[in-house]
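Next come two complexes built around subunit A: one with subunit B, the other with subunit C.
Now for the complex of A and B:
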């Protein structure tokens, strides 16, 4: 496979992000850490919703799975949180396989509704499981080590972005775009759509869980009302919508916009940031459904080389 | 051994509650069945209806049944705004709705749902409130039935009957049903599709807000900005169970759902009962997307 200009562009950006802790002040680095958690979530939902067009409202579920796994393992077995990360990914993949195997049979609105009810139902189920702290959640002791958090989440985001690039530029990438445009036609062409969707959903669930795990690690707790909050699902959708669905750079740009918007609005209007984000989602969905990267790509030919 | 009397009374309460669920699902079903769009913000319109009943009761001492009628008027207005702001752009000049349009409206209404619940959180705070409407209860055989719940259930059945008459006996109702089957044919008989879609949507929203008002009888301290996330999934399950576009399916589905939620709470914690009620959606979809109540 011949690497395009955009690959080197991507590597350049990732390299720049990797050295930010040495350039910026400490408080700015923690800001970038939060931004990277958002970006990891955005890339994770991008694998399924962005690429295939299957809207997953319940993606917050995988985030919660990751958070609970990390906190539970580190607390009960007294493991260093970083060592639980592989397990977090594995559990995320397992849940994604089971849920995807059932729900990916449904198309359009039925898939969206089933993911939504799974996320809501799992919240009510967690509330009655004493081992998971029922309605109080779990708190655990962590050492304050922002650099390790930073590089863990950075590796996750870098991996996601590179995987996204290679999927988009492979033969499977064409198959995925065919599924998004017309699934029946894709199946008629001999594309095994169920297998492709399931693999994407598993990748998506794994990374969602990993991002959730790092989120819980850096905040040292997991509370059910917080972690199952559908606002995370909305923010994830907002990020890929604003940035550009299924693109390599879209999720990152979207994450930066949504995160900075949230960060500044939260001081002006506490709790009110969702009003603005909700409005932004409505407007973008209706008027700019391609997102920033998608629209720019169609308008300006030169940009196409850099972002494709 | 579970007390038979307890089980029986819970079935009765479940049926009474189910009547309201039916109206709630009918609002969703009308929009889903006619213009083929799922309103993810359905629960937030229920929440708005409940808050409007609460404030009408607080300031003017109006009981939930009267405020349900007032809510219908608010709902018709809000429904028109909802249609022209969010839905119209995707439906205009289209004969069938593609997956792409469906995705856009899903995401847009999801944005609306978070927008409305956050707005409610800012305006009304996160505390739960409720209406104290105690007008006594009657003693039938061996169980007490609160009169409020009984009147509300009767009102619900009347509303469902009324909607049925409207859809089958009036010109507008027939036009709405025609639109749900074939948009081009509707244009051929000289009906304006935009007008019909807008009217159907606003009636759907009106029914939703009305059900929110009726629901306040059952939740003495349960009106809060998050209540939508409880009642919206219930409505989705009912509509899928009964089959979209099928009114009687919604009625029967609502009653079944009411009984399931109420009786399951005898055996398991209430939150788990709701979780099970939500998850019923998946086996139903695996069996048939057209509903399992024929």
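Now for the complex of A and C:
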């Protein structure tokens, strides 16, 4: 596989982000940390919804799985949270496999609803499990280590972006775009769509759980009402819609826009941030339906054709 | 040995018996025309052979292997592909990418992307669409979409293609062109086909054998020239003597 310019561009951006803790002030670095958690979630949902068009409305479920796994393991077995990260990913993958195996047989709105139902149901299930703190959630003692949080979530985002790049440029990437355009036609050409969707869903669930894990680690708690908040699911969808579905840079740009909107609006217009984000999604859907990156890519293609 | 054998295929949709014990067989390098009035079960039969629908009853063998319980993508891997009555191109991809996907998956499963795109170029020249290579599939005309549908089926490397009305809705010149393209491809690639068609001209210029369906039953089978004189066929379908 020949690496394109965009790959080196991606590596450049990742390198720049990796040195931000030494450039910016401490408080700015914690902002970037939060932004990276958002970006990790955006890339996570991008694997399934962005790439295949299967809208996962309950993606917050995987975030919750990761949060609870990390806090529970750290608290009960007294482990250093970083060492629980591999397990967090594994549990996320396991849940994604089981859920995907069943729900990916549904299409369109039925898939979206089934994921939503799973997220809602698991919230009520957690509420009655004493080991998971029932309705009070779990709190645990963590050392204040923003740099370690930063580099953990940075590695997750970097890995997600690079995996996204390689999937998009592979043979499977073509099959995925075919599934997104017309799944029946893709199957009729010999593409095993169920297997491809399931693998993407597992990747998606794994990274969703990892992002949730770091979120809980950096906030030292997991509360059911907060972690199962459907607002997260909607924000994740807004991020990839604004940034560009299925693209390598879209989730990051979308995450930055949604995060900055949320961050600034929460002081000016408390609880109004969702209205503004919703408005932004509508504007994007109307004027740049492919998202920012998708539309830019088309413009570049057109310019290239004109020049040639 | 027959390339394809479908025995006593039955399929019911609710209260409608779409297929009521139809048997067909096809030899290598043979083209079978499948005709019949609307609702006679032609498309249902193709969908069942391609594995898109499961029969209620009956056995289908392709190259001696039972395929009636396989998933569509497994059947394609064995070298049997169906085109869609209404073309289903991948609209966000270019014509060449559409064809390359069929090369990368289909029956050949070519892993190397460059090789797959080279093969796609070759198929584009077969169907004389080289100039449309980098056009998005969504920008094609209906006629071009039908050609693309045919090209994608050929690109899978299948030895048996099921053509569901690829010649319908074309003007006489387009029809002539598509028939000649298909006849040439058929000889060069040595493929067999089942052609479902209302356009009699396509059937008579391509088919070696014709099967006539009516209300889910086979009412006639034979050479095209014999079929048009069969009273039952004239009554059920043609209405008046053709030609």
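Just so it is clear, the second predicted complex is superposed on the first by the 296 of 308 C-alpha atoms of A that agree within 3 Å, B and C clash if a C-alpha of one lies under 4 Å from a C-alpha of the other, contacts with A are read in each partner's own complex, and residues count from 1 in each chain.
Throughout what follows, a contact is a pair of C-beta atoms (placed from the backbone, for glycine too) under 8 Å apart; a residue touches a chain by one contact, two chains touch by 3 or more.
Given the structure is predicted, the values throughout are model-derived calculations rather than measurements.
Trainee: Would you sort A:79 into first (subunit B), second (subunit C), both or neither based on which partner it touches?
Mentor: neither
Trainee: Once the structures are superposed on A, label A:185 by its partner contacts, choosing first (subunit B), second (subunit C), both or neither.
Mentor: The second partner, subunit C, only.
Trainee: With both structures placed on chain A, which of the two partners, subunit B or subunit C, ends up touching more residues of subunit A?
Mentor: Partner with more touched residues of subunit A: B.
Trainee: Using the touch definition from the top, say if A:174 reaches subunit B (first), subunit C (second), both or neither.
Mentor: The answer is second: A:174 touches subunit C but not subunit B.
Trainee: According to the stated criteria, A:5 is in contact with first (subunit B), second (subunit C), both, or neither; which is it?
Mentor: In the superposition, A:5 touches no partner, neither subunit B nor subunit C.
Trainee: Let me test your reading of the model: by the given contact rule, A:277 touches which partner, first (subunit B), second (subunit C), both or neither?
Mentor: A:277 sits against subunit B, while subunit C stays out of touch.
Trainee: Give one of first, second, both or neither to describe whether A:286 is in contact with subunit B, with subunit C, with both, or with none.
Mentor: After superposition on chain A, A:286 lies in contact with subunit B alone.
Trainee: Overlap the subunit B and subunit C contact sets on subunit A and report the shared residues.
Mentor: Shared contact residues on subunit A (touching subunit B in one complex, subunit C in the other): none at all.
Trainee: Give the list of subunit C residues in touch with subunit A in this complex.
Mentor: Residues 50, 52, 71-73, 76-77, 81-82, 84, 88-93, 97, 100-102, 104-107, 109, 111, 113, 116, 152, 156 of subunit C touch subunit A in their complex.
Trainee: Show me the residue ranges of subunit B that touch subunit A in the complex, using the header's touch definition.
Mentor: 38, 40, 86, 89-90, 99-100, 102-108, 110-116, 118-119, 121-122, 229, 233, 236-237, 240, 269, 271-272, 274-276, 278-279, 281-282, 285-286, 289
Trainee: Looking at the complex, which residues from subunit A come into contact with subunit B?
Mentor: Residue positions touching the partner: 53, 55, 57, 102-103, 105-110, 112-114, 116-118, 120-122, 124-125, 127-128, 230-231, 233-234, 237-238, 241, 269, 271-272, 274-275, 277-282, 285-286, 289.
Trainee: Within the complex, which stretch of subunit A touches subunit C?
Mentor: Residues 1, 171, 174-175, 177-178, 180-182, 184-193 of subunit A touch subunit C in their complex.
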